[in-house]
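Chains here go by letter, A, B, C and D, matching the order in which they are written, and residues are numbered from 1 within each.
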Amino acid sequence: MKQKYLPLTATILIFVLSYALCVMQFPNMLSTRVIGNLLTDNAFLGITAVGMTFVILSGGIDLSVGAVIAFTGVFLAVVLEQGGMHPLVAFALVLVITTAFGALMGAIIHYLEMPAFIVTLAGMFLARGMAFVLSIDSVPIKHPFYATLKGFYYKLPGGGRITLIGGLMLLVFAVGIVIAHRTRFGTNVYALGGGAATAQLMGVPVARTTMGIYALSGLLAGLSGIVFSLYTSAGYSLAAVGVELDAITAVVIGGTLLTGGSGFVAGTLVGILIQGLIQTYITFDGTLSSWWTKILIGLLLFAFILLQKGIIRLTRAERQHA
Amino acid sequence: MATAKTYLGRLLPQLIALTAIVIAISMVFPGFLNLQIQNGRLYGSLIDILNRGAPVVLLAIGMTVVIATKGIDLSVGAVMAICGAVAASLITSGHSLTETLLATLVVGILCGVWNGLLVAILDIQPIIATLVLMVAGRGIAQLITEGAILTFNHPGLIFIGSGSFAGLPMPVIIWLVFGILVALLVRQTALGMLIEAIGVNRQASTLSGVLTPVLLIAAYVLSGLCAATAGIIAAADIRGADANNAGLWLELDAILAVVVGGTSLLGGRFSIAASVLGAIIIQAINTGILLSGFPPEFNLIIKAAIIVFILVLQSPRFRTAFTFVRLPRATGKPTEREAK
Amino acid sequence: ADLVVGFSQIGSESGWRAAETTLTKQQAEQRGVDLKFADAQQKQENQIKAIRSFIAQGVNAILLAPVVATGWDEVLQEAKDAEIPVILLDRTVDASDDLYLTAVTSDLVHEGSVAGKWLVDTVAGKDCNVVELQGTTGSSPAIDRKKGFEEALAGHDNLKIIRSQTGDFTRTKGKEVMESFLKAENGGKNICALYAHNDDMAVGAIQAIKEAGLKPGTDILVVSIDAVPDIFQAMATGEANATVELTPNMAGPAFDALDAYLKDGKEPPKWIQTESKLYTQADDPMKVYEEKKGLGY
Amino acid sequence: MHSISENILSAVRIEKGFPGTKALDKVDFQLRRGEVHALLGENGAGKSTLIKCLTGAYRRDGGSILLDGVEVDPRDTFDAQRLGIGTVYQEVNLLPNLTVAENLFLGRQPRRFGMIDTGAMNRMARELLSEYELDLDVTRDLASFSVAIQQVVAIARAVDLSGKVLILDEPTASLDAHEVAMLFRIVRRLKARGLGIIFITHFLEQVYEISDRITVLRNGQLVGTRETADLDRRDLIAMMIGRELADEIHSHHASASEGRLRYRFRNYGRRGHIDPFDLDVRAGEVVGIAGLLGSGRTETAEVLFGASRADSGTAEIDGRAVDLLSPRAAIRRKFGFCPEDRKTAGIVGDLSVRENIVLALQARRGWTRPISRSEQNRLADHYIRALDIRTADREKPIKLLSGGNQQKAILARWLATEPEFLILDEPTRGIDVGAHAEIVRLIESLREKGLSLIVISSEIEELVAYSTRVIVLRDRAHVAELDGDRITAHHIVEAIAAANEGGHRDGDR
């Protein structure tokens, strides 16, 4: 096995181990319900984390995604409930908007040579601000089409379901993996992460790629917003606060380096599942106070990072001795 | 003299931005520049900005040094909450003010040591290393206050939040002193240069004999100390420790302040004074929004627009485009946007 | 314990919320209920996840304090399919009412109008400029308490809301925003009353008023909502005038209804409204303070 | 018989300025079809800048570029590649986090149904590299290979990209004789195919071996273009440095030293990096280290300096056992170390030349005892003058200096600490003839002052010139030691060759 697959393998190993531990304590956690929930409940986070993976692989960061999700939801709710538009048209429209929004941030980052952290932070303010302006109230979406979409699911034995949005997340991951490893764009993303100046000298179209990366992140944040609006049947300007941090955490737990250039889209999926597992475990336990919940999440996060480092270091050392 | 000049040159963009914002606000709200003496202290919107900006200024001072090492400290908001809670619980359980303050600062330092160890020794990426404390820290703070607002009436502690000295509110005095001390500390010793060296090239610095792990930890400790001070001020200001909300999202404001101050998130060159100005600029925007009387749903949009505007003005591209009014394609460097 | 109940709490964003959690746990303990507590850290998605986990776990009933009104149909339907009764605490949801057993809540709009009515009665026809400290932009208490207050003021042209900003339900922001109100309104001389969407913001604002050299409660009337212990201290010293109680004991009535339903199959009413009691300085604030102090606010 | 129309590339009155510097001042340059054109000049003369202007990596301030007689204006390097200009920039300029194959085919990966055909790409990569006698696992990250192999990969990529023009900016700096010979074979083949090749180097032998014409730059200005055959070495050097070079590197090696034994390493090594070795170094001695690429020279240096921890053996200084397990420990014992990879391990790019020079000294003094600004200025000015570092002023960020001048500044950093044991890993890499001679002189004078030095170099002639002893490495082990009269190029090459009998080189170490 190659060195670079180590973090990924370590992460998968940790996930499997901890799932086993959880099941030992709560046998119910093996039910198809829990597994189905893990996919459905984390669908919107997973989709946006795919975009975040590309951004981080290129050495950037996108803090705007949570706000974009909220904006998308509010926008959909407003145009569907007050505008009477068909959802499919609205979906297309909102995806165009969020993609353009991402591309614009990418353009500012590239052409004005401004740090991604700040540009996307401003983007976060702006997107959430736009959501407020559209509606501060939470707007329910009652369009029948939504009910139809929610009706699509695959029933697993034991009461679990693979829902449309859960399936969509898996699809997005699959496409993300293909883009990352099988397209020139994907290689260019890694190239940017390896060093923008070098990539430029090697003829990577830096401007186009940067804009593409943030456009992709915007697109996926938009898609995630659609999923979120399906998930909650509403648009709410205060929704998805802090999702960017969850997404970044998932990406990093998944073994991607924040400095860029190294990591895998598939790792992010495991990162998402690990986070979901932590939450499920805490709910199953059900004895923790609000503050112990936070402390435990922090500690588990720390433990995962430590374990990952440990496994990687051990394997490296072994290799050198071999 | 020459250094004074370059120093001013370094701060010029921030000074211009601040002046522009002050002028803009005083056009919307004419009473903005009024200052008067009331209850033995200066009173007016300008003082409010300095006063309200205190937590972010303090956080930005520590954050600047951390960012100069190519790090970032997301935990400062949570550390503020922890330290506020510690201070409140100690003072209400009857400890003296000195004990309380010392213990609280020690807690801040410990938080910094924790972050520093993760970054420098365990080699965890700063954003994730500090995320651990950001998440868990607020829980710890709530554990101390048990989720409630822990109020206190100790006049000494309250004085730190709302007292005044020499006509200035105490928080302003504190951050002024802090800023000057830290600036002297880094510039009158070799710390500043060594920190910048680490931020630009950690490997080369280590090979040159710079004590990288210790300095890295020290940077996070300073940040923890600043956050502790900010936490004390925030608690003293409202006479209670609000573990749930103290310092919430202030880490983003602090980072923003550092960037508005012109320090690169990629590490290296930094200026404490510029970051302090950056924090004051952000507070001026916030206060301006409050004074303007717009409905609150516009707050974020206005803030975003102003910040983007300032940053665009500051961006290297924009500046070169202005100095070389010749062909815009005749700019100096290749795209030196080294992503690391 | 024979009864396992899941409780999905919003989070712990305020003292009031902490008190609600404490009381719910107390109530459960008294009744010998095994309470599974899940803190959602202010996120609806976490609440949905928690409910799903409860269902997967097979609890007997679920208590839900929804962070927002919309978006519950699907997960409530799932609970219904699993035949697990759901009781809503402190806020209702925007879903068909056969999806939940009952809702134990106050009426947020009503709270606002109680506060407004008190102010209308107190100024008794005199001209009065009111400043308003809103809750977190977009949150339902902020929207509803604003609405109720405005309804109570409607038709009383002597009362005017001259400034309204968000104080995010926190003391710090309440103080900061009040400071700017004071500066903007001629050092506070134009302001006759403050209406805050919660007590915490009012407490912060009271300090700002004092620091500006004015007397809260006298120069500027202060009315707010929640009735947390600290506001009673302020009322005792005359610095606050009135508060509208939002009781943190939503779980008591909820468990009562649940017991009745599980034992005798008795359907409770769809809405169990808690009282929105008005407290003023005349109500022996220190006594109330002592009563409330230990409740975990 | 060469006529103007034979010019494949011509640059007319190219201008480029940086704040404080006029890097190129109306430089003309012509490259013919089927010629190897050496571009020469001192460090900082503007060679790399000219290349970057030609390939669109820099925006030029003025002048025009003609390719095949047609005016072109490459807007970025991608454009240049499309026009058929392949370039190896100074310093290894590939992406360490991509695989070898991806580096080779970045931006032009073979595709099937819109997807990258990884199998085909890897196959093509292997084929491409087989021309360079490299048999690598092309699916591994570039970072896992040595600098030299990375350099060969960079060359292979550029050659493959160059339909018309190939530009090589100091490609041979980290190559050994074997690889250089191989590179030259390929260059000759391309030349025969009618490509124009621009070749930048500081090795004059290589210039005479391969080039047809020479263009010399000095201080951003064109000095002139000559046929190589018509220009003898003395005149060439005079053109480059604007005066006669006093004395060239003398080829008789220094006499063996009588200094007392100061440094004693026994069984010193690190598993997986360098086999345990014994080493004694006297005061006033220069120990040269020779070996092929990847033979473990750099690792030896790193272990000695504590940059990578020794896990076996003992170190003694003046008879007392010491631990040298970190750079700081070594520096405390007056060690100094100029690393080979100056970009990642040497320069602190955003800091000024002054700060880079005082960095190690300051680090040793500790942060509480800052070196005063005037003292810093004095030190910086002293070394800028002493080592002839070409910089607009001492406050210029070091990353803006030309490669050779960066190297000198790092040397200055260590000299400023007044070391007693100095380890130099490829100190003359990328340094011009004039400076090269100066550094060799400097090494000698340091030795005369009683310092102990360890110098790693791929230039055997140079090792012969200043070493009092030469250690030869092979496969991460010390295999031979030459001293006295046995220090000759011939003996060294023989020792290396004996080592290399098996002739295996797969780079996959």
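Here is the rule we use: a residue touches a chain if its C-beta (ideal position, glycine included) is under 8 Å from a C-beta of that chain, and two chains touch if they have at least 3 such contacts.
Just so it is clear, the model here is predicted, and its values are computed rather than measured.
Undergrad: Please state, in steps, how far chain D lies from chain A along the shortest route of touching chains.
TA: The least step count works out to 1.
Undergrad: Across all chain pairs, which one has the most C-beta contacts?
TA: Greatest count of contact pairs is found between chains A-B.
Undergrad: What whole-number Å value describes the gap between the mean CA coordinates of chain B and chain C?
TA: 33
Undergrad: Measuring from the mean C-alpha position of chain B to the mean C-alpha position of chain D, what distance in angstrom results?
TA: 43
Undergrad: Could you state the distance in Å from the CA-based centre of chain A to that of chain B?
TA: For chain A versus chain B, the centre distance works out to 29 Å.
Undergrad: Using the touch definition from the top, which residues of chain D touch two or more other chains?
TA: Where chain D meets two or more other chains at a single residue, that happens at 57.
Undergrad: Using the touch definition from the top, which residues of chain C touch two or more other chains?
TA: Touching at least two other chains: 12, 18, 21, 137-138.
Undergrad: Give me the residues of chain B that touch two or more other chains.
TA: 142, 146-147, 297, 299, 334
Undergrad: Sort out which chains touch which and give me every pair.
TA: Chains touch in the following pairs: A-B, A-C, A-D, B-C, B-D.
Undergrad: Please output the residues of chain B touching chain C within their complex, sorted ascending.
TA: Its residues touching chain C are 29, 31, 38-39, 43-45, 48, 52, 142, 146-149, 151, 162, 234, 237-240, 242, 244-246, 248, 287, 290-291, 293, 295-297, 299.
Undergrad: How about chain B: which of its residues touch chain A in the complex?
TA: Listed in rising order, the residues are 118, 122-125, 127-128, 131-143, 146-147, 252, 255-256, 259, 264-266, 297-305, 307-308, 311-312, 315-318, 334-340.
Undergrad: Mind pulling up the chain D residues that touch chain B in the complex?
TA: By the definition above, chain D touches chain B via 18-19, 52, 57-59, 61, 305, 307, 327-328, 331, 337, 339, 344-351, 355, 359-360, 362-371, 413.
Undergrad: Once bound in the complex, which stretches of chain A touch chain B?
TA: Result: residues 58-60, 108, 110-115, 117-119, 121-123, 125-126, 128-130, 132-133, 136, 192-193, 195-197, 200-201, 206, 245, 248-249, 252, 257-260, 289-299, 301-302, 305-306, 309 of chain A touch chain B.
Undergrad: Can you list the chain A residues touching chain C in their complex?
TA: Checking each residue of chain A against chain C gives 26, 28-29, 31, 33-34, 37, 40-41, 44-45, 132, 136-140, 150, 159, 228, 231-234, 236-242, 276, 279-280, 282-291, 293-294.
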